[in-house]
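In what follows, structures are represented as structure tokens.
Note that chain A is present in both complexes that follow, paired respectively with chain B and with chain C.
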Partner chain A sequence: MNKTNEPLLVIEDLKVAFPGQPTPVIDGLSLTLDRGEVLALVGESGSGKSMTALSLMRLLPAGGAIAGGRIRFDGEDVLSLPDRQMNRLRGGRMAMLFQQPQAMLDPTARVGTQIAEPLRLHRGLVRRAAMGRVLELLRDVGIPDPAVRARCFSHELSGGMAQRVMMAAALSGDPDMLIADEPTTALDVTVQAQILRLIDEERRKRNLATLLITHDLAVVAALADRVAVMYAGRIVEEGPAKAVLQAPQHPYTRALMRCSLLVPDPSGQLLSIPGSGTHARDLTCGCRFHPRCSAAAEHGLAGRCMRSEPTLKPDPDGHVTRCWAVEAEKETAA
Partner chain B sequence: MNSYTLLQTVLRNTPEPAGAAVQPPFVEVDELAKHYFLSRSFSIKSVDGVSFAIRQGEVLGLVGESGCGKSTIARLLTRQTSPTGGEVKIAGQAITDVDGEDLKRLRRTVQLVFQDPFGALDPRMRIGTSMEAPLAQHHIGTREERRDKVMRMLAEVGLDESFYERYPRQCSGGQLQRVVIGRALLLEPRFLICDEPTSALDASMRTQILNLLTDLKRRHGLTMLMISHDLRVVRHICDRIAVMYLGRIVEVADRDALFKTPRHPYTRALIAASMLDRTGLYAPEIQLRGDLPSPLNPPRGCRFHTRCAHAQAKCAQAEPKFEAASESHQVRCHFWRDLQPDRPAQAGSP
Partner chain C sequence: MWTRLLQRLLILGLMLLGVSLLAFLVPYVSGGDPVRTILMSRVRDLAVDPAAVEAMRIHLGLDRPLPVQYGAWLWQALHGDLGYSFASGRPVALEIGRALGVSITLALTALGIAAAVAIPLGTLAATRPGGTVDSATTLMVQTFVATPEYWLAPMGILVFALHLGWLPSAGWTSWTALVLPATVLSLRPMAYFTQVTRAAMMDVLQAPYITAARSRGLSMRQTVMRHGLRNGSLPVVTFFALWLAGLLGGSVVIEVIFAIPGMGRLLYEAVVNRDVPMLQGGFVSIVALSILINTVADMLYVALNPAVRSGHAH
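Take a look at the complex of A and B:
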């Protein structure tokens, strides 16, 4: 099906803007995602990671518009597809999991009917055939007594169960790509691990390209092949999961890592990043992280970090970082 | 100096006998129960015979999955709902049937911080107004004094004065949680209950809020109850931790003892599920299958036996008693003595 050798999903220089906001919420984002691969997109709320997911599905909230860049999915230009074809893609070849599964399910319809909907829409299955497939899907995602559960309403399900149901609905269209937006954040720790494992199993079984969006760096370690860290609408670091998690380079990634671990320093304080990134996007010049960054001062680069924004500089092993201090370090090492 | 005055002096300088120095705990909860009756014979036993005590200045963590009854306990301790059994004493006073002025005084002593700061603040009210509201409600100070107090509190929780005039939509989740914590402290409570205070926050905000709570606790000498589903969160701030399962406490221990020698299989599973490996990466181990059973119809015998890896025939028949594993460590399991000590909780320990 794939005519060229390019990855399943290619995002190039994507810009998303809202009217009335001086700077775009996503600013020059480029990513690729291949079949069977898990890419984790990590960042704080407001960093633009959910907006990235929504632009892939062309489901940006009212007012938001894609102001530039390209998104290609399996060789097709997603941004110029007619609505009808886009509808066929959504819930078909592109599926999505959300943070609050309960809120995404229709409270007035039985769970089975909701999972059957994409089957009837995309596959043209009749009711009976669709229900048969629904039971198979529910069994696949590890729901005991599928026949009973299919007749449940969403309020009768626990959070973990509801997320499994969402997974079944996502898989019903036989997707090539799964976008999981904070799929475990609203769940108990005991259930989080189960859902992460489920996502992992399904992507292996179906060779799914998976985009995992989360704020918790520690969580991605269980799953991701590659990690991209976003800050204020920009990617600040990207690379193989192992490299990013074990040897994070960007000061923001390092700080985030320490936060995720919840390990106190000798004085009993937890390490945290001072301030918040809420208004970082409005900075007119310089690195967007510099007001919260400790490396800027340590390297005597404060002036440079304040004046001009660094670009993404690659390592030989495909690990890219957007930071003056890291660049300076590498130069001295070389 | 004759022998009598000598005796007097000695007596005056001798510390009081140990028995008299032991203060009663600040919060005493005894066989507390909350059953929601759906019909005459059918009820959800959300909290079913829970007892614990919190000493003055101590932080107790209450941990369990959603649906285990931990938030109901928060509601019972603040008298947002009345228990169907048992008793709660706060600062020596029984709170289960106070009303009128006494109830109002109780609500000043006990304050609550919720999970979702966006939901806890009126979106159409400026933050200053929201924070002053409880002071006005309790007729504290004049308008100017209230404003002063709020300004000082904003500084104390690490926010600048501009927040007084802001609306919640102009703030981040972490900033709003600071506002909510500040508002709770304005009434100078002696007992602070935090119900999942960091669950709605980003990783970076989470550590800020936990540091703030630790700091405020020290400065104000607060007694605290910290409710969470995540052991990683309660670990830093709590002195003791109680683990709850389906309306019952299954294990209580000092923090370090709980992590080093967890006795109950459920506690072990929780630790395994939330912990990190030696390099600090998330490496959860699944020891628990499925979900919490419905509290409508809890399993007979030990409530945990349906999900327990060590369950035996006895577990399905008789509910275990709460036994003391050591002086400050209690556990509700028939076979806690037989369980092999786990490999030490690796768990990103410092």
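Take a look at the complex of A and C:
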């Protein structure tokens, strides 16, 4: 295809808003994702990760609307595509995994029928051929006895099994990009690793661009090439996974890392970030993290952080951060 | 599965027994002397001969103690014999069988029309809440619910039978005679079915598996057809059964206006005539049939919903 040198997916200045809510749930988000690359989108619930994923598919819940920005997928302007072509993109070129795999399957339809849908819609297979392919896919995603399983209903599957089925359905249209929205959050710990390994194997085999949404930094460390950290609808830090995990810059990322270690502090308490991010979006000025931020006070920047919002400032190595304190530190170092 | 079915059948049997007792007693506790009524209607004389009344009482077996009467009646009823009508002298079971056939035909036709209109309409309304179709549907529902049959039926006769001459005005002679009463009868259930479908479909369309289906590339229309309709029309099955049971003896107005020899009219006349065996037999038959219908509906519901089938309802 090679129309341009631009990455497979380019998101520019995306803004998603729900009418009735004063501030957008996603504000000025820009990201890129290339073929074969794994980009992890990290942040606590409500930070806008899932909304980002659903925007890419143009499947925002009722009321939500894309209020600005551009999404380009393989050179095509996703936001201006007519419905018919958008349907061809969904399942055919971009596929999605969700958080609650069992709820994502129609309880009254057999699993095999649902996996076969992209095959029939996008690959033009007739029923019989599609069913043959469904069995292959089920075997690929590690489901024993595919012929029996294909005739199951969602309630007859365990969570891990259901997520494997969703994976088979996602792969059946032979997509270029996989969006995995917290694919392991609802699963047992033992199953989580299996599903992650499956995702990793398949994306390697198929050179899939993968947008992995998670709040689990261990998952990021294991799979991601790059990480973007979201807070209250904005990206606050982004960069190569190694750089971000080894030397997190933004106070929010650092706090996340400390929390995920689950190591008690000297007083025997587990660490947590004070306050909640739920209403951070409603802040009218200043850095959205400043009410919960310890760095602001440490650097004597409280006034600045409260008054104006920092922008994303890059490092020479492509690691970008949105923080006044980090900027000030770099200035002193230079 | 089988133990559940067996349990169910046992409960149904007990229920029927209770209902039969009620059915047997109701005509007695409602006051008045059936023997007097029969004789008065035959001789058209207010002062009937007390000796004749007594003889009639013995002839009909009404002189025996109530428990004995009940036992005998129940025993015969179990063998399909519901006694003889006081009014016409014909076998109750035969009369009821004939009337039930008519009423079931009428009710099924009416509910069929209702469901055939309501399911697509409710679905369409649910896909665009607040849209033109939805608003028009709400208006239609309100109109149909508020329009009484005893007004609509004569209007229908006036327009389609008398003015246009397309359909017969009354009677039970050919299928054309079914069209007008069934249509009038269908409007109220149609309104309710539409509301139920709309509400259920609104829920279903919010379900995660709808988003997942869209993410596989199905258009909204394909998604509704493949994953919406079946889930969304489940509650209609239950409502259909409730209405069917209700209409069996409950379409009195329509049956009287259109001169249809159905169950409603039969029972209405039995009440007027104090026809005790007819009332008892009719009541028991309708309740038994209602129970049967609801059992079938439950089984159908299970067949349509695999999660219930294996006890995983959520």
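Criterion: the second predicted complex is superposed on the first by the 334 of 334 C-alpha atoms of A that agree within 3 Å, B and C clash if a C-alpha of one lies under 4 Å from a C-alpha of the other, contacts with A are read in each partner's own complex, and residues count from 1 in each chain.
The definition used in the following text is that a contact is a pair of C-beta atoms (placed from the backbone, for glycine too) under 8 Å apart; a residue touches a chain by one contact, two chains touch by 3 or more.
These figures come from a predicted structure and were not determined experimentally.
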| item | value |
| --- | --- |
| Superposition on chain A - do chain B and chain C clash or fit | fit |
| Contacts of A:Val78 with chain B and chain C, given as first, second, both or neither | neither |
| Touching partner for A:Pro107 - first (chain B), second (chain C), both, neither | second |
| Which superposed partner A:Leu121 touches (first chain B, second chain C, both, neither) | second |
| Partner chain(s) touched by A:Ala295 [first = chain B, second = chain C, both, neither] | neither |
| Contacts of A:Ile26 with chain B and chain C, given as first, second, both or neither | neither |
| Of chain B and chain C, the chain that contacts the larger number of chain A residues | B |
| Chain B versus chain C as contact partner of A:Ile213, first or second or both or neither | neither |
| Contacts of A:Leu9 with chain B and chain C, given as first, second, both or neither | neither |
| Contacts of A:Cys305 with chain B and chain C, given as first, second, both or neither | neither |
| Three-chain overlay, vertex chain A: chain B-chain C angle, C-alpha, nearest 10 degrees | 70 |
| Minimum C-alpha separation between chain B and chain C after superposing on chain A, in Å | 7 |
| Common ground on chain A, meaning residues reached by chain C in one complex and by chain B in the other | none |
| Touching residues on chain C, where the partner in the complex is chain A | 206-209, 211-219, 226-227, 230-231, 304-307, 310, 312, 314 |
| In the complex, chain A residues that touch chain B | 44-46, 144, 158-161, 188-194, 196-197, 215-222, 245-246, 255-264, 266, 268-273, 276, 278 |
| Interfacial residue positions of chain B with respect to chain A in the complex | 65-67, 171-175, 202-208, 210-211, 214, 229-233, 235-236, 269-270, 273-274, 276, 279-286, 288, 290-292, 348, 350 |
| Residue ranges of chain A in contact with chain C within the complex | 54, 57, 59, 61-62, 83-84, 87-92, 95-96, 98, 100, 103-109, 114, 117-118, 121-122, 153-156, 166, 169, 173 |
